[in-house]
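Just passing along the structure, written as structure tokens.
Read from first to last, the chains carry the letters A, B, C and D; within each, the first residue is number 1.
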Amino acid sequence: MLRTSTRAGALSLRYQAVRSFTEQLALPLSAEDQLVQSMSDVSPTKWHRAHTTWFFETFLLMEHLDDYTPVHPAFGYLYNSYYEAVGARHPRAERGLLSRPSLQEVANYRRIVDEAMLSWLSRLDDEKDKVALDLVELGLHHEQQHQELLLMDIKHVLSVNPIDPAYHDVDPPSAKPVPPLAWSPFEAGAVAIGHVGDGFAFDNECPRHEVLVGDYALANRLVTCGEWAEFMEADGYRRADLWLSEGWQTVQAQGWDAPLYWDKRNGSWHVHTLGGVRPVNPAEPVSHISYFEADAFARWAGARLPREGEWERAAEGTTLSGNFAEDGLFHPAPASVAGLTQLFGDLWEWTASPYVGYPGFSVADGAVGEYNGKFMINQMVLRGGAAVTPADHIRCTYRNFFPPHSRWMFSGLRLAKDVA
Amino acid sequence: MLRTSTRAGALSLRYQAVRSFTEQLALPLSAEDQLVQSMSDVSPTKWHRAHTTWFFETFLLMEHLDDYTPVHPAFGYLYNSYYEAVGARHPRAERGLLSRPSLQEVANYRRIVDEAMLSWLSRLDDEKDKVALDLVELGLHHEQQHQELLLMDIKHVLSVNPIDPAYHDVDPPSAKPVPPLAWSPFEAGAVAIGHVGDGFAFDNECPRHEVLVGDYALANRLVTCGEWAEFMEADGYRRADLWLSEGWQTVQAQGWDAPLYWDKRNGSWHVHTLGGVRPVNPAEPVSHISYFEADAFARWAGARLPREGEWERAAEGTTLSGNFAEDGLFHPAPASVAGLTQLFGDLWEWTASPYVGYPGFSVADGAVGEYNGKFMINQMVLRGGAAVTPADHIRCTYRNFFPPHSRWMFSGLRLAKDVA
Amino acid sequence: MLRTSTRAGALSLRYQAVRSFTEQLALPLSAEDQLVQSMSDVSPTKWHRAHTTWFFETFLLMEHLDDYTPVHPAFGYLYNSYYEAVGARHPRAERGLLSRPSLQEVANYRRIVDEAMLSWLSRLDDEKDKVALDLVELGLHHEQQHQELLLMDIKHVLSVNPIDPAYHDVDPPSAKPVPPLAWSPFEAGAVAIGHVGDGFAFDNECPRHEVLVGDYALANRLVTCGEWAEFMEADGYRRADLWLSEGWQTVQAQGWDAPLYWDKRNGSWHVHTLGGVRPVNPAEPVSHISYFEADAFARWAGARLPREGEWERAAEGTTLSGNFAEDGLFHPAPASVAGLTQLFGDLWEWTASPYVGYPGFSVADGAVGEYNGKFMINQMVLRGGAAVTPADHIRCTYRNFFPPHSRWMFSGLRLAKDVA
Amino acid sequence: MLRTSTRAGALSLRYQAVRSFTEQLALPLSAEDQLVQSMSDVSPTKWHRAHTTWFFETFLLMEHLDDYTPVHPAFGYLYNSYYEAVGARHPRAERGLLSRPSLQEVANYRRIVDEAMLSWLSRLDDEKDKVALDLVELGLHHEQQHQELLLMDIKHVLSVNPIDPAYHDVDPPSAKPVPPLAWSPFEAGAVAIGHVGDGFAFDNECPRHEVLVGDYALANRLVTCGEWAEFMEADGYRRADLWLSEGWQTVQAQGWDAPLYWDKRNGSWHVHTLGGVRPVNPAEPVSHISYFEADAFARWAGARLPREGEWERAAEGTTLSGNFAEDGLFHPAPASVAGLTQLFGDLWEWTASPYVGYPGFSVADGAVGEYNGKFMINQMVLRGGAAVTPADHIRCTYRNFFPPHSRWMFSGLRLAKDVA
């Protein structure tokens, strides 16, 4: 009997839901699609499915079940991502070379581990096994992160294919004009940010602490493709004075003249989406921009990017709803209401804040201590989740992070400004 | 009714045999296996199957059938290898990223083109359509080259996989000692080499012409793994004086200390083969060595590599038989008879001759003129075919060629020396 | 008559002093020494001497003197460093290829510009020419930055020379044991940091604003070479768990096993200094470490790096004295007194703070606006100046910055910790 | 008393002449000029002066003088070029970083070694010391090769400097039209090539042996800049069909659209020479072209490059005179006479022959065995010497060699064709 009244029972249900959503995301993809690695940042779908399984097998089954035998002696080597403490691992850039184990073997791997996990979970006690249950919960959030990565990655994989394949069939979003840009003001003061309390959060969201903010205002909505086109027409990609020095070098070295996935065809801009290639919709939020581009745009617009304290304070009081992975669009939608909107879902919003530990932050012991802390350098924080983020994975304290040159994640921007 | 008494009829039969052998070679491989590109020199099996089909579609069907519509508008871009005259093409290093067209679509492509080819071939006249028939024959030899490439490439693909996959099940060769090294002497003089007459040959085998050779001798058989192990034990990979300067730089930059595919496991040398990983067999010919290594070994052995005139003169009188692709070993076998042996099959033999055009050589007009001539720089000639070469593809005038650092082809060496 | 009672007069005197100190620093170096560029981060001494002169010529003489003719039409191209607004420029990595203009021509360039500058300065009015005088002051601080760069750079240039050349003769510092590590506590609160008032400061030090700090303590002195040796012996460079992920990649890619300039000779560690190679002195502060190394050491020591607010608050009340360029050691000296010491001079201290603009920061208009703001990404702040920094160039609000992998500047570290 | 009647005496005189010519070539160059290394193929003048000295010190003084102490313990490391047998050496690409030893120290090094050499030479006996005298002669030819390298290299060094410096003052050559292209025919047969007899020759010119040539013709003179301009106007650099595959890749990767040192200024082609930048003279031979370019031009012109046997047979009967280094032009001059001309001097002529050992070639024992043989791969032979080659250094059997992509040597081309 399912013990849904216990935490272990609830986690069992959630385990099944999360794991099955991963399978659902992989469903439109052939074995060939699931093998391709189009750049070293990208991992194959097959690898995501195996690696998330390895996480449960390694950190839970092998730790807690005395008689557990790993499904395959090589999977520890093949499917470890970056845990130095766990041992040697297959080079990241070569994940697309592994035609074997076959996709079928990976599907079996998932099934075997799921059965073992569910059987084990059914025997856990909320009190005595709290640490293990915490780790199961972490594993599920880990898998949800990989669900988003799976979609980001397969989008890139399909984008490098000259025959313009699509991941799914979906109606293009409305081209109805969006509400005009407006500013939501906030007063200066010491504001508390970061996670506190019982719910799940990653270590990098803790401890809750105060930061000082000045008088500021946030734009009501995300910057649109139409506004981005104005920036491009105003020589935004050709004016060195708008750019950080390293950003300008990147623009020149990479030949950037538009966001990632934009492509001029017969004189008009098109964009590659998970639903295929279609004309750029001026009403929809501009996506797949680097921090360098977001920063240059804000400078051109006479504004700036929000700091993460400013963003979190504004988001804290609002309802956590938006366009998320469960909606199945996998693409940002135009803003449709007046007032401060799109804080959650649609696109991750670049902040002006470098990714550092909060005062008092400390990493956990053991391998899972490698989860967040060791990446706290040369990255910028993004907030709010995107159209490829599972809805129950996001929080207003959630800190995502990417290097300033990265573009393959679902990133966008919201303007901010100081108020005199 | 099949007109086997005509050349067109014979070519129809041969067309079916060659095309079907390609399919047979792909049979042990999954869709995933057929997609992987493990380095830029390697092409995926799926690509080989499509590219050889594109050759017939582009140079024959599209040229000769007024109402022929290409199977897919993008295949000309995707499956052109290096024909500048035919137009733009997909970057070579990205062939492993094309999960679509799917393997099934490529199989269909082959079927459709085969039907059109056979239907068209049945209407050809030996006299009036001689040029077209010549091109069909070239296309079949082209496909046979890709059969060998397919095997070379899939061997490399499987070799980079940490779980040691095999292409097929096959018994390991005999470890019976081989005949001792002996020298077959030849007298100095002007000898004629190169192709002449009616049979098929590539343009680079023409024209037949005389070259001067001195008194020389050839080793009776290929150098074995056992002899190579002696070279290694004698610090062959650590003595700069044995190597060409560029070879020595390569040894150091690549960390070479053994032939490609050799791997020391628990203190003893193993080798990756298409039949899986197994201990090195001292009796079998050493394979997958670069020109640099062959040259260094010969210097260490107090001998040298044969020049191509010396090799061809020795081979001309002998029977064209050996261990070829049709034998299904896909691996060199130990020499088993006394006397000059292994000239054909087993392994391509490095010669000391740079790959240049013979005196009077000229390239054909049009795209097929790009077949050989434009590669006549920075490559060395190899002779005799290998265990992955189709038997009816080889001739004693056949000139294969690779850069001196390449190792993923089935290459070996036979010693030569001057005779006082 | 020198009008030292005016700002213009005082600046004239300071102009002469600063410019002449640059010449003094170049004096021990031959024309050959002054030409070498040992890596792209490094500039030749000759280039530093020319570029600082170009700054005055371009931003002052050419702006303010109607009849001024540039000394050489190509110098604008050759000696612009990174000012996009000023136009095209010679590639940074090729500065060491310019044997011409000769060193003598560059010396003449300095003389001609100095004469024009001093003549022009003598005619300026403190009130009417305030903007120009501000820019002269900026130019002098710019030249002082290049004095430090000149010493950093020539240290690197000489370090790559196998014959161990020295820049100057200098006595090695005392090896007397330093005061033991002790902690200076500071109380939590809102503290004001950043520049305000009349004195000179760079734009990146403004505006003054409040930040929140917790209860914390700073180590009394810099970490020593002796302490660093303990870290090395404790496998500090071989334990992945101590490092940021990108730091660990750098350690492995670069083969780091000690600070830059350390070299094991006959079994004992030596260090390259501007005074030549000598045994590592355990008492002196460890220098030429990257942020990655400083961060790993702090983690190993159970401490952390200070944030810049913590550092500045501690430094604000103290006397601005220390071991600076004018002392002529050009090398950090062991701490010699108890209490909080070495805050200024000796070595730049890595902080845990990414280099971002203070709230309300804005860049100046025109080319000099490129001075600081455009570098505010992927860099960390260092504080306090070093033994190669001119004494009157530093302030407690001064923010230096380098990428986390850089090591050729005079960087060290001071530990910090939270106080419960 | 000088014993010019002996070989040792003659070599003493020649030693002084050769060594002093090196000094004369360096005279127009400052210490700064002599330090620069503009790419890794190039060596600084100072290095050439030191390395040639090291050759005499290492292979003669240290071998034959019991009490000889090397001038500096580090010079063996710094000034060894590529002799693996002699030991470790300073990385080639870092030769431009050695401001010390100073130019003055290198001049002293030359003086000390010269004194020791001349003193020792005066004591040698032609019979007993034949081996040593042979090595002295090799050392002098070695130094002459470096005289040419010095000029090639300094030309490149000055070419990367945006202010267009010149090495020397020299009148531009006549622009008088050259004799029209005409063909000198030669009959087919077995012709003997290679060195035999008493005079000096490098090992790669031996042994003399026969090769077969067909009926062929050589162009009377070198291809001119005017003819090259026609090739350029006929889209020579944009037609893939004219190029070897690797050549075409190089054209695209390097953006080649003209010979090295050509630069379009205000719409007309200029060329960098050792005498400065000046308009391209259509009458003078085109220089600084790669093998790839020479081969493409010949194909465009409906001709081919000569094979080395064809060239040597034509040159054998002619007078060894031409425009050499002693003429002091250091630049090719227009052909001025009818008939087969420019075979010697002006420019090295690319042949269609890969650089391989002649039948029977063997390398010498010891370090000097590394002189030629180890470079016999991936290079093409050039013949005849250039305007920077000393006149008494060249022979009709002399084989120079460079990789097919190299352009910084004084290379040109003469057309050849088969005669029916």
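One rule holds for everything that comes next: contacts are C-beta pairs under 8 Å (C-beta built on N, C-alpha and C of every residue); 3 or more make two chains touch, one makes a residue touch a chain.
Computed from a predicted model, the values in this text were never measured in an experiment.
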Of all other chains, the one whose Cα centre sits farthest from subunit C: B
Mean-CA-position distance for subunit D and subunit B (Å): 38
Distance from the mean Cα position of subunit C to that of subunit B, given in whole angstrom: 60
Chain centre separation (subunit C, subunit D; CA means) in Å: 47
Contacts with 2+ other chains: residues of subunit A: none
Chain pairs in mutual contact under the definition given at the outset: A-B, A-C, B-D, C-D
Subunit B to subunit A touching residues, read off their complex: 30-33, 35-36, 38, 72, 74, 77-78, 90, 94, 96-103, 157, 160-163, 165
Subunit A-facing residues of subunit C, complex: 82, 84-85, 190, 209-212, 214, 240-241, 243-248, 291-292, 307, 352-354, 356, 359-360, 369-370, 374-378, 404, 418
